[in-house]
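Note that chain A is present in both complexes that follow, paired respectively with chain B and with chain C.
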Partner chain A sequence: MKIAVLRFPAANCDLDALHVLRDVIHMNAELVWHRDFKESRFDAAVLPGGFSYGDHLRGGVISAFSPALKEVKRMAKDGRPVLGICNGFQTLTEAGLLPGALLRNQSLKFVCKWVQLKVTTIRTSFTRKFVRGDVFQVPIAHGEGNYFIPPEQLKELEDNEQIVFKYSDFKGNETPESNPNGSFDNIAGVCSPEGNVVGLMPHPERASERILNPFNNEKARLVFESMKEVLVR
Partner chain B sequence: MTEKEFVAEVTIEYKPSLSDPEGATIANDLMKRNGFEHVDRVRTAKLLRIHLKAANKDKAKSMVDKMCRELRLANPVSQDYSVSIA
Partner chain C sequence: MMVSGIEVDLTKKELALVKKRLSRDPSPVEAGMIDIMWSEHCSYKTSRPVLKQLPTEGKRVVLGPGFDAGVVDVGDNQCIAFKIESHNHPSAIEPYSGAATGVGGIIRDVLAVGATPIAVLDSLCFGRLDSEHSQWLMNYVVKGIADYGNCVGIPTVAGDTNFDRGFETNCIVNAACVGLVAKDQLILGKARDAGDLLVLVGSLTGRDGIHGVTFASKNLSEKSEGERPAVQIPDPFTKKLIVDATLELLPSGKVKALKDFGGGGLTCCASEMAFKGGKGAKINASAVPLREKDMTAMEIMLSESQERMLYSCAPKDLKHLTNVFDKYGLTHAVIGSFTDEPQFVIEFEGRVVAEIPVDLLTDVPTISMPVKVPEYVKTLAKQKRPPVPENLNHVFMNMLRSDNLASKRWVYQQYDHEVQARTVLKAGDTDAAVLRLTEKKGLALKTDCVYRLSYLDPYSGGAESVLECARNLAAVGAVPVGMVDNLNFGNPNDPAVFWQFSESVRGIADACKMLQIPCVGGNVSFYNEDDRTKEAIKPAPVILLVGVVEDMARITEMRFRNTEDSIVIIGETAPELGGSEYAHSILKWEGGKAPSVDLDREKRTLSIILEANKLRLISSCHDVSSGGFGLALAEMCIRSNMGAEVQLDRLPSKGKLQADEIMFAETPGRFLVASREPQKLLNLAKSRNVKAEIIGKPVLEKRFVLFDSESSRKRVVDCAVTAMRDEFERRIPGCMK
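Right after this comes the complex of A and B.
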């Protein structure tokens, strides 16, 4: 079993993701430069955060045309787990692997803070170890995380259970105050129809160990533990 | 046939149904507050000025259109684009 962490120019948190996969959930993981990536060697892929290609034009759009994304599409198609975090989420939407788009934050500001996330479905490769409705804490750090989907497509997302994470308060209420960036319907993360491709703006790799987490928990680790369960079953 | 130089301008903006907080701030806090109260609204956009060679203007236009679609110069979910060529 081997997991690829894809490195694009101006990636960050790629080493954090690698650390969680290797040292926290004890999986075999490898950092791979995007131009060298071949899907045949890997069972899963993580597209980490960052500001690939300087976010020029739009976050993730230039990475979406990297040859690596053709490889990632093959993985997605045959059901292997693919996770996009922050810039990785933007890249997966720009590559057409996930629905919707990430707009500039409503406040026009870069927002860096801890938020509450509610798990709205446990059918995906990255949420199966949660309980539906779980609320956990995780940091965000982005300027273009304002999730948008045309209102007429929202029902389709809901019917297909493709909304995975929502911004909420500590009790799981989806309030305007708990929405850090203006995301439509408080949506923080979505999945492919099959549930093996998941993208989210927050950074679970920064919250997977107690020592990093001001709320003294490590619940975000379940994102990675869920993938591990899919891979080793 | 010799190719000529053209300059294409691609304007990329959010679809009208999406809010544009930057445009709203420019309209409300800069223009209306400083004596230009006839301003109704402002929408911001990104402009790409593309210098390219093509056999004629139509070919230049179709090449730029193709780039807009295939390279997602505009995000089809959230943005519209327009092309003008000189």
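Right after this comes the complex of A and C.
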């Protein structure tokens, strides 16, 4: 079992993702330079956060056109787990692997803070170890995290159970105050129709260890534990 | 004056020295290089004799001042590299790029010793927040720091933001970087062997930033607006590639020396490397990859274009280096080599355009500056305090929303302070940031700048800048291991300013000696003054203190944890309002006597907190600083969303104090501690001969109540914690809309 952590130029959360996969959930993970990435060697892929290609043009758009994404598409197609965090999520939407787009935050400012995230489906490769409706804490850190989808497509997402995470309050209510960036319908993360490709703006890799978590829990770890369960099954 | 057709900023005496060494007139390129290398910014020629007072040695010190970054050993084969630098003038005229390149430059300094940059800190001073110009500066300075640090993936974890009308046109933007390096991976910016190649890597060289250092070594003026081209252009994407390429290369051991391009460009970078190794250098300026056509040798040698590093390697290893640079798509070129003869030789288009002894560039004679105590010092100290305002409840709420005390969430929320998954104590909510070093050990970081007190008494202000950082660190349970300073002052040719500077350094040095904190580097920024009033800024000594938390299980925070605790104040309150936030924002009073600093007592007080931490007597802890006891307690309530009931007459005091003095005086050396075993804490304080008292308790009801005494139970202040939080949180976002 081997997980690839893709390294694009200036993807700066690559080592954090690698750390959690290796040292926290004890999986075999490897950092792979984007030009050297061959899907055949890996069982899953994580596209980490950061500023790939300096966010030139807009977040994730240049890496979406890199040859590495062709490889990722093959993995996605045959059902292997693919996770995009923050910039990785932006890349997956730009590449058409996930629906919707990430616009600039409503405040027009970068925002780094801890938010509450509600799990709205557990059918994906990255949420199966949660309970539906679970609320957990996780930090966001982005300037372009305002999830957008045309309203007419929302129903399709809902019908297909493709909305995975929503910003909420501690009790799971999707309030406007708990929405940190203006995302449509408080959406923080979505998945592919099959549920093996998931993208989210918040950073579960920064909340998976108690020592880093001001709420003194490690629930975000279940995102990675879920993938582990899929892989070792 | 003009030398060889070049405008230079040298005195007659200095020029005579140069001519004597050369036995001829310098060539135009030589004159240009000498001009920048002899500027205050590069040479520290006026400040060096004063800085000698700072203690630079200690058992943990690995690299002291004079290198790209200071380095201290924190055990487990881990070293911490750190440095601070000012970018005041560029930020004052072009806040976005000025602040961003300030961060970029300091990251390179830490990278240059082989360290992985793990944190950025910023210390900022602006004019009053209700001025549109200050809002503009702050908006873009913060955005510049955020966009740069966030993209490079280095968390901005702590800092301080201050407001005072003296900084209206000349803001203070100091950026610090902290890096982590294994002891055996340290690398120096020091030439090793003659024949080693010099490889320039990174951005193309353009005309930006030319004379940035001379721009920094004079006052800003109306003409400064026209000097925007002296501000460099930031490119965090290239920086991130340089960081990654460098960190990939260093373990090979094939990089023999490394240095960043900062002020003074290629001239400063190459000559300092050569000088440190006792070597010379031969540079082919024509080989430097250029962004613009037809650049002259002088422009190439002086350009301060960002995102460039200079590597040195043996010729046989060149290919190994260039393979890695190619992988990251970085431009690189061999631009020269080190030589045995200590001469600095520049060739351009096949001609030698400069050939001077290296030490003529790097070993600049110091100048002893006259000092004079300014008139205002005595006048202000003698002023009588204004009367106590009537409604202290009202005053208290106004304090919470004063520019300097209000929450800085608007600032730190724009910084990614979590990237790299090390941040244990987060920005804003705590006295100091703590980063994870090992599973058990943490690194505590904090900057502070005490400028108002420094204006009244620069000695006390300098000392207090160090002490306040030390209290911040102690409050989270950290022991200081080293510091760097950034000294922001006015024009050093003014004897009053140089007196402020000398006194400030003396205060910093005495505080460091008392607490056994080595100074491992720093930066001096002179010529900071208001270009309209021609008044120097208030002295702004910025300290970055680095400390170690031996066991992160013992980290303490300011928020209250339970109602069974008692609130204990450690230290005595004195009737000293001079230089306080209260005097400034409520009384509108600049005068008064500055609080006196008692270094010996301060040391004992810090030892009480650290000992109590070890004995686990502390549930919550907060140092008492800006805004005095009242604001310290308010912050503890706001952060925990709990109330507190306290009796003011229980606070140990020096003499009879007015109610506002008890609440808002900024007497140094005090802490608020919530403890379940207060008596043990009191005994500990007594054993160190420091006054301490139980003054009240945290309560679940979200009300903040200060009684005057147990007998009268008169409520001097009584407010709802939610209302306090609103005042505290709304001020800055409200101004920045």
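Here are some notes:
Throughout what follows, the second predicted complex is superposed on the first by the 233 of 233 C-alpha atoms of A that agree within 3 Å, B and C clash if a C-alpha of one lies under 4 Å from a C-alpha of the other, contacts with A are read in each partner's own complex, and residues count from 1 in each chain.
Following the convention adopted for this analysis, contacts are C-beta pairs under 8 Å (C-beta built on N, C-alpha and C of every residue); 3 or more make two chains touch, one makes a residue touch a chain.
Owing to the predicted nature of the structure, the values given are computational and were not obtained by experimental measurement.
In the superposition on chain A, A:G133 makes contact with neither chain B nor chain C. Contacts of A:F65 after superposition on the shared chain: chain B is touched, whereas chain C is not.
Contacts of A:I211 after superposition: chain C is touched, whereas chain B is not reached. Of the two partners chain B and chain C, it is C that touches the larger number of chain A residues. Contact residues on chain C toward chain A in their complex (touch as defined above): 143, 146-147, 150-153, 235-238, 240-241, 244, 327-329, 412-424, 426, 429, 436, 552.
For chain A in complex with chain C, the touching residues are 9-10, 12-13, 15-16, 19-20, 33, 49-51, 53-56, 109-113, 139, 141, 143, 203, 205-206, 209, 211-212, 214. Those residues of chain B that touch chain A in the complex are listed here as 14, 17-19, 21-22, 25, 46, 71-73, 75, 77-78. Those residues of chain A whose C-beta lies close enough to touch chain B in the complex are 57-58, 61, 64-65, 93-94, 100-101, 103-104, 106-108, 148-150.
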